[in-house]
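Structure in structure tokens, see below.
For reference, chains read A, B, C and D in written order, and residue numbers begin at 1 within each chain.
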Amino acid sequence: MKLHEYQAKDVFADAGIPVPESRLATTVDEVLDAVEEVGFPAAIKAQVHVGGRGKAGGIKIATDEEEAREYADDILGMDLKGFTVDKVLVEAGVDFVDELYVGVTMDRGEGEPVAMVSEQGGVDIEAVAERDPDAIAREHVDPAFGMHPYQARKAVYDAGIDRDVAGDVASVLTTLYDLWEEKDASDVEINPLMVTAEGEIVAADAVMNVDDDALFRHPDLTELREETYEDELERKAGEYGFDYVRLSGNVGIIGNGAGLVMTTLDLVDYYGGSPANFLDIGGGAKAERVTNALDMVFSDENVDAVVFNIFGGITRGDEVAKGINEALEQFDEIPKPVVVRLAGTNAGEGMEILNTDLVEVESTLEDAVQRAVARAEEVAT
Amino acid sequence: MKLHEYQAKDVFADAGIPVPESRLATTVDEVLDAVEEVGFPAAIKAQVHVGGRGKAGGIKIATDEEEAREYADDILGMDLKGFTVDKVLVEAGVDFVDELYVGVTMDRGEGEPVAMVSEQGGVDIEAVAERDPDAIAREHVDPAFGMHPYQARKAVYDAGIDRDVAGDVASVLTTLYDLWEEKDASDVEINPLMVTAEGEIVAADAVMNVDDDALFRHPDLTELREETYEDELERKAGEYGFDYVRLSGNVGIIGNGAGLVMTTLDLVDYYGGSPANFLDIGGGAKAERVTNALDMVFSDENVDAVVFNIFGGITRGDEVAKGINEALEQFDEIPKPVVVRLAGTNAGEGMEILNTDLVEVESTLEDAVQRAVARAEEVAT
Amino acid sequence: MSVLVGDDTRVVVQGITGGEGGFHAEQMIEYGTNVVAGAVPGKGGQEVHGVPVYDTVHEAARREDADASVVFVPPAFAADAMFEALDSPIDLVVAITEGVPTQDMAKVKKRLSEVDTRLIGPNCPGIITPGEAKLGILPGNIFSSGNVGLVSRSGTLTYQVVDNLTSRGIGQTTAIGIGGDPIIGTTFVDALELFEADEETEAIVMCGEIGGEDEEEAANYIAQYMDTPVAGFIAGRTAPPGKRMGHAGAIVSGSGTGTAESKIDALNDAGVPVGDTPEQVTDYVEEYL
Amino acid sequence: MSVLVGDDTRVVVQGITGGEGGFHAEQMIEYGTNVVAGAVPGKGGQEVHGVPVYDTVHEAARREDADASVVFVPPAFAADAMFEALDSPIDLVVAITEGVPTQDMAKVKKRLSEVDTRLIGPNCPGIITPGEAKLGILPGNIFSSGNVGLVSRSGTLTYQVVDNLTSRGIGQTTAIGIGGDPIIGTTFVDALELFEADEETEAIVMCGEIGGEDEEEAANYIAQYMDTPVAGFIAGRTAPPGKRMGHAGAIVSGSGTGTAESKIDALNDAGVPVGDTPEQVTDYVEEYL
């Protein structure tokens, strides 16, 4: 779960990290009220879950009311990489002399948290990491102990941060780590952490992403959730509880188990087709879930044919067949051709139940995919 | 630092551990008011830092107002193993069917915390430990991780606690461990943890001792400190900041460094004398501290002679000599014979300064002790 | 011979009184697995599917001389269940639970480095030595005994490949589902090491997927230390960057690490042919035998 | 030969800009110790007593090729300073600080079990190889070079015994003050093991005191593994139970463990004579040589 900048800043500020004065606004009038309070220059920042907001025109600095009105009007309602901007953070501009980067994330390879500090803040840190890996000081943390204070200092000095602000930056990093742990975050990040001419430090941006699997122990964070989807289908998948990713092709794909569904996508591509989506119905799916999955894929207007590939372990072929029948029997005419392949647990029972007037059946994965690709081509042309 | 029962119960209750309803009282009238609120039977419990309060008459159960008045009168002001009782906790009696023990302490040998559970609560747990070590389930905790929930369950089931209350007892133990860690306790203990006929558990006593060296990070606990001393001399030592233990003999002992002072005590005993105290002036003591030390020992009316043994490392012999001179020059007559032995850093300079009209000097530890023992014998007879 | 589990493995089922735990305990027993105990706090003294239940893993292990456990405990309590098993006399812990918080797993991984116990999973289908024992949720009927070792990050993909193998008469020594989470106990390298040391395993199938660098590390390991031939499969060639493909671990990062291409190249460089389809993988294995 | 420290030991002083740290750094340098750096956060770039100061121990160790550190850091920050040194390329950490919270030390002890670095202390006078190097606050002038190893829980008692030895012409290989706290890095057994392995050490003096069971464990170790003769001293024979005699570790518990009697008996059973006076200990040593 991703927190918006304004939400993450609240969390950071509560923990004692300095942030600029700011107001949230959803209309141009609110923006004008807000700039009056925070003063000029004021940053007007789109609150959407996309990277590179600045470059995409989602962040502008207004130096007077005129500009504030103009930028508010530009940004509110704009489409930013597929997301509509419905709120902006209006924030006092910071007069900085330096921009730093601090962050904590899980190093999945090591299975250990890693704290990071760089003098090269204010730009895409992944670009820095590729261009000049040594510009980012990294300190791995033993998750049983948590971050020792010396580790924060070490990361800060290793990054070459000025001695005048080093202590403050180290203490922000310590706080960030503690938040990362306390809130079950996957990433926390301040980029840029600004240094003013007076040697003060201020978090000018704030990123906090929380491990979805740990939300059960953070009801306060769960409340902050704002479901935003790039499109209607992803919203629907969220409601149905499917692992779903929309792609640009025309062969709809449904299967059980991430690895097998990915493989089905790959085979569609391998046999000359183009996958329209990734949709994993998970383990042990019952008929209703199968019906919902078909509903999802039929709702995607790009889809010209569907391949339904189940290898039953805890998922039972008869349940799947039942679900397919139920989903398709409601139509006078089947919207798109559906190719079904059932294997594993109760596959035989499933095949007996399956209404083969409504679907096409193949017995191997390779055959099923090839047939779906062919059908999609037919429908498309 | 030891918390009183009533203070520890506040801490435990704040953390969610069930405790009986209670009131603190310092007069008989307050006790009578309190019993009215908590009802009968009511326990009237002396709040002093001594073990075995019950056996010593410091805890009584009143079943009516008459008894409450009588017991309050008995306990308030009584002398309990050298401490005067100036407050009592008046507590609702608990109708129990079982008494358990739970506690957390530092296993110094292992350098690890250990959580303990026993079915044999309500009695001296050290006696249980000696009589029947297996009656206490022990679970060592990795201090980096803290106590895993399963460890609390394991200790509880290993101790043979009834399955009906096992979950509740495990959760109390988990809370106790967390408190132990959070408050830098050396020991926390509930003995007895009572089980009622309804299967509820209640902490009928509460022990919490805090590591003095960690008090700097617990200002809230430091405020709870109530200095109580067995006598005036220990109070004085507290003020002066000396490590001091009063003993029953007549040879006063002053030295620097715990090991060397202990050794001086042992030698007094070895040469037929009897030590009056342990007094360590610590490392790097200046003249004033030396003066204070002599004041301490002179204030002890049991002392008949003093041995002052310094082996200078960071402590300087000249500073010590200066302090001895200052302390003794204020007397018209030296109260008790003082035997001085100076060695190590600046011992030569010290010997030159030392006013040998006021003290007797020896050059070895053994000789100094023997001389002090002899002087004490002379004075005593 | 086989790897990690066999006829003599004595299994504790953690969470045996729950729906999942009970169902799969029964399935394991039916398959012939030597399930000797269940462990569920507060349920000690009960019996489930003829198996005695204890309050703690320690007691179960001590009383029934168990040496392996399978964890069917809800995500909120799964890490604690793993710690309990890791700190007990158990030698092998198989965690089936999906959705264990990542920070919990980082702590479990730290503990793992301090003990001799092996963890498989979490979020995995388990491990099976066909005809002897299965610990987990794998459908036993598709496996057959033979000389191919299989290790995979994915459950159903494993079944797909096994089905291909079995239908061509190629049996398996042991199949290990290591799980699709970013932080797991047993990695590809660990599993490959076990198969390499197993005399009966004559060829190995390794099914990887996008995300992380485990496959690249495995390729390194194969190139340096292995004689047993390995055939590979990598799922997720068509996955776009930044999108999580079901498994928490299956994601190509924005900076382009974890791609199928990088993994396939690494394996090819290590002399491991990577099939375009599961069927092709079976072809490679057939050539090895 | 000597134990742990010598001419070639390159020392970092943690807290060198503080009063204690500065004073003793100077004393160490005067004694001839090879003090190569100081480490104090925020003070990097300064110089103290001709020694460069760095912000972190890692940098000090890397730049100056240091292999040992001495910690003169206030109690509230001492554990963090120890962690910093333990996690750096330093091989030996000597913590002088008195009053480190016990729970902090339990965590440090846990980390110690994970690294190869050795810790001496805290709350100890340090370690000295006479004529070569001293790390800590011991008064160098009373020591003399020779063939007796000394290990002690107490500072001034060490000086007393060393003074007796030196005044009779008996020099020391190395003297180690292990410290008076309940949780310490190097124990008697650790120190005895080092002396036993040192060819130059022909006899050992071990000064224990009441509290804990380290002396009993040392006695066991001596009986089982040692050829080098040991003479002992135990302080606190007259200490009453339940009273802490200065050192946090020096306490006979209410249940009677940690008594001088138990320690003396154990040592005697291991063939170690225990002196009634420091002078007697010197007599025993004289007989050994």
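For the reader, a short list of remarks on this structure follows.
The rule is simple: a residue touches a chain if its C-beta (ideal position, glycine included) is under 8 Å from a C-beta of that chain, and two chains touch if they have at least 3 such contacts.
Computed from a prediction, not measured in an experiment: that's the story for all the values here.
Apart from chain B, which is left out here, the chains connect through touching into one piece. The chains in contact with chain A as well as with chain D are B. Matching B-C against the pairs in B-D, A-C or A-D identifies A-D as its interface repeat (over half of contact pairs the same by residue number). Using the average of C-alpha coordinates as each chain's centre, B ends up farthest from chain C.
Chain D has its Cα centroid 28 Å from the Cα centroid of chain B.
We define each chain's centre as the mean of its Cα atoms; on that basis chain C and chain D are separated by 49 Å. In whole angstrom, the spacing between the mean C-alpha positions of chain A and chain B is 57. Annotation for chain C: residues 107, 111 touch two or more other chains. For chain A, the set of residues that touch two or more other chains comprises 142, 144-145. Viewed as a contact network, the protein chains fit none of the simple shapes, being neither a path, a ring, a star nor fully connected. Under the contact rule stated at the top, the pairs of chains that touch are A-B, A-C, A-D, B-C, B-D. Across the complex, chain B is touched by residues 75-76, 99-107, 109-111, 125, 137-139, 141-142, 152-160, 163, 180, 182-183, 207, 209-210, 212-213, 233, 235-240, 243-250, 254-255, 260, 276-279 of chain D. Residues 145, 148-151, 153-154, 157-158, 163, 166-167, 170 of chain A are the ones touching chain D in the complex. By the touch rule above, chain A contacts chain B in their complex via residues 142, 144-145. Touching chain C in their complex are the following residues of chain A: 51, 106, 108-109, 111-113, 126, 129-130, 142-144, 181, 184, 186, 211, 213-214, 216-217, 243, 245, 247, 255-263, 265-270, 275, 278, 280, 283, 311-314, 343-345, 364-366. Chain D contributes residues 41-42, 44-45, 55-59, 77, 80-81, 83-84, 87, 107, 111 to its touches with chain A in the complex.
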